[in-house]
């Protein structure tokens, strides 16, 4: 098991408060990793740092052996480090098809084509991506007309269309109905098994994480509390204390 | 040397008019989140109203200023209630476009009611006359304006920083939900705040009439400078607006004296420089 | 789709009207149509920035003026229309590249404020640089130079001849813009508009592409400006003022920001309404202001956007 993404000594402060306080993390390739922790533990800030949405005050990030600490977010995506968002973030006025298509166009580096119609770009690839998440029938619908659960799947499809080697899923089941949640989890499991993408799921729902992830990192107050295989973490006293409030 | 200091006082006086306008603009932006392009038109309305009440009807100047400020506050209430309220949730381009539409309407209404000529009323007798400063006679009225500007600054600071009401307004500005949970009638508070901001602008306009000609182009001339002031100081920052007003007022006045070719140019260069180097403004936070 | 043949019919009728205009309307009508075409080009470029990329620039008149003045200066020295217009376009594009590079670092209100200051700085420059630009007197006596193509020199001194030249240029400009907005580049712009963060996380360098949109808008403004110089034969600094920058904004808004033909329809309506209102009353600003307010409050899709919404409802049979 080799580490695809490593970070050492990551620090991020906001107005004197350290949201991420000296984090060392190594994300193994090929597994489904979970990052869990109570609200305010710093999970999302950590993801922002790793994906380039924010720059760290200190620390170093390496992706596939290359230092990406100062690299802009769009450059990281082009190096195949992707993410979805805690609050669904899609292209609202574009159709479902176009939402995924723009990711494919960018992946192929064809954004500067200005005289050929976009409608003909990467049709097969986009169709396949939409079928993968079950949104193909809605492909001509405007993205802002989808249900919340459908938008989450679209967010996932867009990110997958950037061909990430490593993909962060930030609270992928938040705000969806229980049935949609199970569908989403099944989808992620299926994608993890069939693709060569390493998924990192950020969640505060323990059930989701234990059902999905092989390798779990637990955060608490901006630092890593524990890191290990699923069963080990489940038995870990410190973790149980944080979540259940008592030592069982 | 002395003439530079004298010009400095002239510049500072102009700064105080800018400050009154920019203060209202900043409060409207800070609380309501709308950058009101028509705020300069409110300044102008204050000037025209005061001119009519004082210069035409001969009513006591101070009363005229007060009535004018209150009158424009009412106009502000109508603007907030019937127009701004619908655009809070819209994207920025639409907000700016609505306030621009209001500029067009108000400017033309002013032309319809008062005509297009320049109007100059007499100075109120109490403040007529001049004091010798730096070797030249400096109008007493200008000294009065300087005092008003500082006084208003202190009052606003006291209001928003020290009073319970001011703190509530700031809470509502931060988050409408927070305001509502604190028991505030947020829509009514917003209307009152905008009325206050409008009254400030009108106060500036009304007080300006003895020394500066009133014309339909006044609103537009002032608003762009007021924008520059707030950007330089930091959008939504009252102390920044004060500082920005001083900078822009002095800069404009000195460049009229020293580089007459560029007095139009320099404020824009300054705004561009601030936006490029420090977009949050000199005193702005984020 | 049923609406396709309607568009084609409309386009054919419109083309017939435009190509025969000098036959059935006098010089003033032709002049009016030319005003519409210029604003159409200006507004199309502007809307690439606003409707398609989400950037509101208050300084586009600056590039219009650069196009006008550079073309005028060229024509005063070397009377070749193509040279003048090409020069105007290129100059406007270069200025847009430099100013755009600085502007796209900012977003939202700061971008709008910075473009306002840049536009007014150009205005000030034009106003003060008497030796080159003639100051507030402007440049006069600009020749309507002949169109020099290989082997033939076409005289455009008659208004109707210049009208046809402008018509061809406008049709080309519209066609090119249509290709751009339907292309991957156009889709990239729209993605940036809808969610700049998401565009970034799809791998798009938003700064770089915003700059492209800005430069294209500048080129279009420059084309419109360059064509105004030989038309009016006199140009003044007012072309660079922010009030002039408001015209493409209003045209695009009235026609519809999110429809391709919006700026085209908006340009026609804007000029048309202005002409009608100016004859009926002195207070055309009041009318225009009321129109803008009404649109922002109730018809944000503009004329075309609102019509399209109604016809869509009619076709689907449900709201």
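Note that the chains take the letters A, B and C in the order they are written out, and that residue 1 is the start of every chain.
Heads up, the rule we're going with is that a residue touches a chain if its C-beta (ideal position, glycine included) is under 8 Å from a C-beta of that chain, and two chains touch if they have at least 3 such contacts.
Keep in mind the model is a prediction, meaning the values are calculated, not measured.
The chains in contact with chain B as well as with chain C do not exist; no chain meets both. The innermost chain, defined by the distance from its C-alpha mean to the mean of all protein C-alpha atoms, is C.
On a Cα centroid basis, the chain most remote from chain A in this structure is B. Chain B and chain C have CA centres that are 33 Å apart.
Chain A and chain B have Cα centroids lying 48 Å from one another. Chain A and chain C have Cα centroids lying 42 Å from one another. Considering their complex, residues 50, 56, 102, 105-106, 108-110, 112-114, 116-118, 120-121, 124-125, 127-128, 242, 246, 249, 253, 257, 282-283, 285-286, 288-293, 295-297, 300 of chain C touch chain B. Considering their complex, residues 35, 83, 86-87, 90, 92-94, 96-98, 100-109, 111-112, 224, 227-228, 231, 235, 261-262, 264-265, 268-269, 271-272, 275-276, 279 of chain B touch chain C.
Across the complex, chain A is touched by residues 179-180, 182-188, 190-191, 193-195, 197-206, 209, 212, 258 of chain C.
Taken in their complex, chain A has these residues touching chain C: 51, 53, 72-75, 77-78, 82-83, 85, 89-94, 98, 101-103, 105-107, 110-119, 121, 158-159, 161-162.
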